[in-house]
């Protein structure tokens, strides 16, 4: 297993290098780093010339790439106009997003597994039909609209009762830090509930469908009958023999998803002004800074590669038939 | 199952698991170990495949209801010019900020410069539907071609094409769309549609490839090959018709996904922009007045939900109807 | 023969399907005594598996439904027993071996753990270590080499034959009084089949357990079995000792089965399938379900109208014209003689 992980990590390196090339080439193809700056009236010719020199914009793209890649993970990876280092902000954003998706994924997986298992055990029951229908809504309600409705509801409640249950905006309240760690924690949670609900809602629908399908398949398996014939309790049969097998696809999917989510919470973070990766990307794209976007893409690519690696590890860990050596 | 935006695209490949589940006890019935005798098999009174499919589809009440509702929505948006009580973009200050009301036909209310939101929603729906169907056709075309070539010819072509497809699956879906739409889409519906299709074809390519790979080995295809049929003939006469079910279901669900994703893009300001009407943009216009003029965000949103829900139910009904393992009730 | 340990009496099981009610088991009765081996034969779909599964409550309900009948284990009816009571019977009193060893073991647990689980479940006082030791002993008994090491291996590391041995070890883990083996060798290589059957036979001999052996293989029946129940379309159509069934079948269906056997008396004969198809259990022919395929039917009305009863007793057949079977057998024998002679000349 250890050698497998090591080999997978080593194999990921060329994949990562190729994706940085594609990211750089793609971005320079579709987005001239200077085009947005040229439109700004207060940017002088001299400033632009400085940027051209600094980023080697007169050279062909592959030369530019080498200069860019050399400095990618250093202080010298900066924005075009302000020459500000990109990493500090990006790191902070990544940390904030991880908080959000870690919690929402835990909630989504546990809820979805429970829902999926229950609907599979009671296939065609009212409960099953209800969760199926609700999950169809989950697939059909746009996330951004769902988030807006949550916001409207909570704000409406606040305006109506004057009671602030959750915050609809940002990460923490102004000057909360002075009121002790307990207040900070509560305040943070109040800010997190809505974005987490939004993110979890998206995944619960998918995961629970997955879980239901794999649980149904497993419950029809011969080894479940064997387990029953042994005289085991129904609980042991479904929860030990069934669930252990039925979890494999969902856990694998969730692991893959984890990487994608790091870069994928754009809508949620933008609407709730959560200062994470998604918001960071949205702002970078709105300002049109190619270097910020490229750095962001590299981080996301790494996250996705790690997510796929995690999926492989989880798969090998859960399913003894998979042997990595 | 449709894919939502903030999800990693590989989540879309879930039908494998579900399909395996439909294998019911009925299979045990067909099993014959003695194998001395041929079994009568399933007595389907010589219905053609399509008649059978249609009959099964029309037994799916939710799907049929959805189809009717969807047709109503589509037709009324296509005839927006005739049906809308007001033009899309005409301000009417005296009527500003009206809550939904039956007087003067402001069913969905008006915004703060008096534009009628029912009319705006109708026009917006039309754009969304146009774009979604365009995306579905385009991505289905690409997917069938790429997946078909990979599956039919196999070997290195397959390998190459599938690695390219894999590459698309490792992209952060929505951000890449946003980048492309931002720098290339320019708020134009057709360009935005092309951008969406560019990322949407991969799921279908994989499905089609799988179908082609397995159908390629079937006896009748082998027989046709032995008889010297051309590749094109084999593909269009023998393989494609059998893969059609999977393609249709996927194309249907793609319409729903496209509507949702296009709305999200337009909402974020990277999709369809004025002067073109779009539902996502309407909602983002209403975002600032969520509590005071709730109707601005609610009605266009509900329209999206209704369309997507209908399509998902139709897709579900189609999947059941096209599944040879499920029989007529 | 001693009193029966397991007796199935007039069992009726139905399944609701989208196409209607499937009458999978329709009034089946048979019994086994300790140390005795009962062979159950019949075409696919005749209800052999459903009968034994229902006995232990292992069919899915719904869609399944036990309409009536009794399953008496030492005189105690298992049908309608609360699930917690039934669980104490499963494996502890009645062990089961299933057809497909590839899928009957859980892929994510070690073989040893799965067997030990059966021991721990029924022996509250047993420790994990004791269960492990007993399991290793069991594995050795069924002929799994290196049992100590094999204990910690997963099913995919076992071959098909080894897995079926492990399944047998699991079935006998608690020394049950009855072992039910549902086509235990169908999924195995021919070369392995005999070994696995030997293991099964030895295991029952040692504990003096009753064995119900469901099989398609009449060769197995001839070798291993004391008595036979022949099933057709959810019913037992003939019951008797092995000799009777093979040499003097009293039901035309049994004769048909014998004819379809490749080697009847050592000589290679032409395979003679029974004409026609097994009936649909949704929509069975009226009267005797076998009449459309029957060689004795000759258009007689009673076959179309009356369901023949299976008389009691150890030897019986459910046929209106069982008396005509003797003549039929003679004719067959004569034809077979001619065929054999013809073969010799050619």
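A, B and C label the chains in the order they appear, each numbered from 1.
Following the convention adopted for this analysis, contacts are C-beta pairs under 8 Å (C-beta built on N, C-alpha and C of every residue); 3 or more make two chains touch, one makes a residue touch a chain.
Source: prediction; values computed, not measured.
The chain pair sharing the most C-beta contacts is A-B.
Overall, the chain located most centrally, as judged by its C-alpha mean against the mean of all protein C-alpha atoms, is B.
Here the spacing of chain B and chain C, counted between their Cα centres, is 50 Å. Note on chain placement: the centre of chain A and the centre of chain B lie 24 Å apart, centres being C-alpha means. Separating the centre of chain A from that of chain C, both taken as means of CA atoms, is a distance of 55 Å.
Listing the residues of chain A that touch chain C in their complex gives 221-223, 225-234, 241, 244-245, 318-321.
Interface residues of chain B facing chain A in the complex, by the touch rule stated above, are 1-11, 14, 17-18, 20-21, 23, 167, 170, 172-175, 178-180, 182-184, 256, 260, 263-264, 267-270, 280, 283, 287, 290-291, 294, 297-298, 301, 304-305, 308-309, 312-313, 316. Remark: chain A residues 19, 22, 27, 30-31, 136-145, 148-149, 151-152, 155-156, 159, 199, 202-203, 205-206, 209-210, 213-214, 216-217, 220, 249, 253, 256-257, 259-261, 263-268, 270, 281-282, 285-286, 288, 293, 296-297, 300-301, 304-305, 307-308 touch chain B in the complex.
Touching chain A in their complex are the following residues of chain C: 56, 58, 83, 87-92, 95-96, 98, 100, 103-109, 114, 117-118, 121-122, 154, 156, 167, 170.
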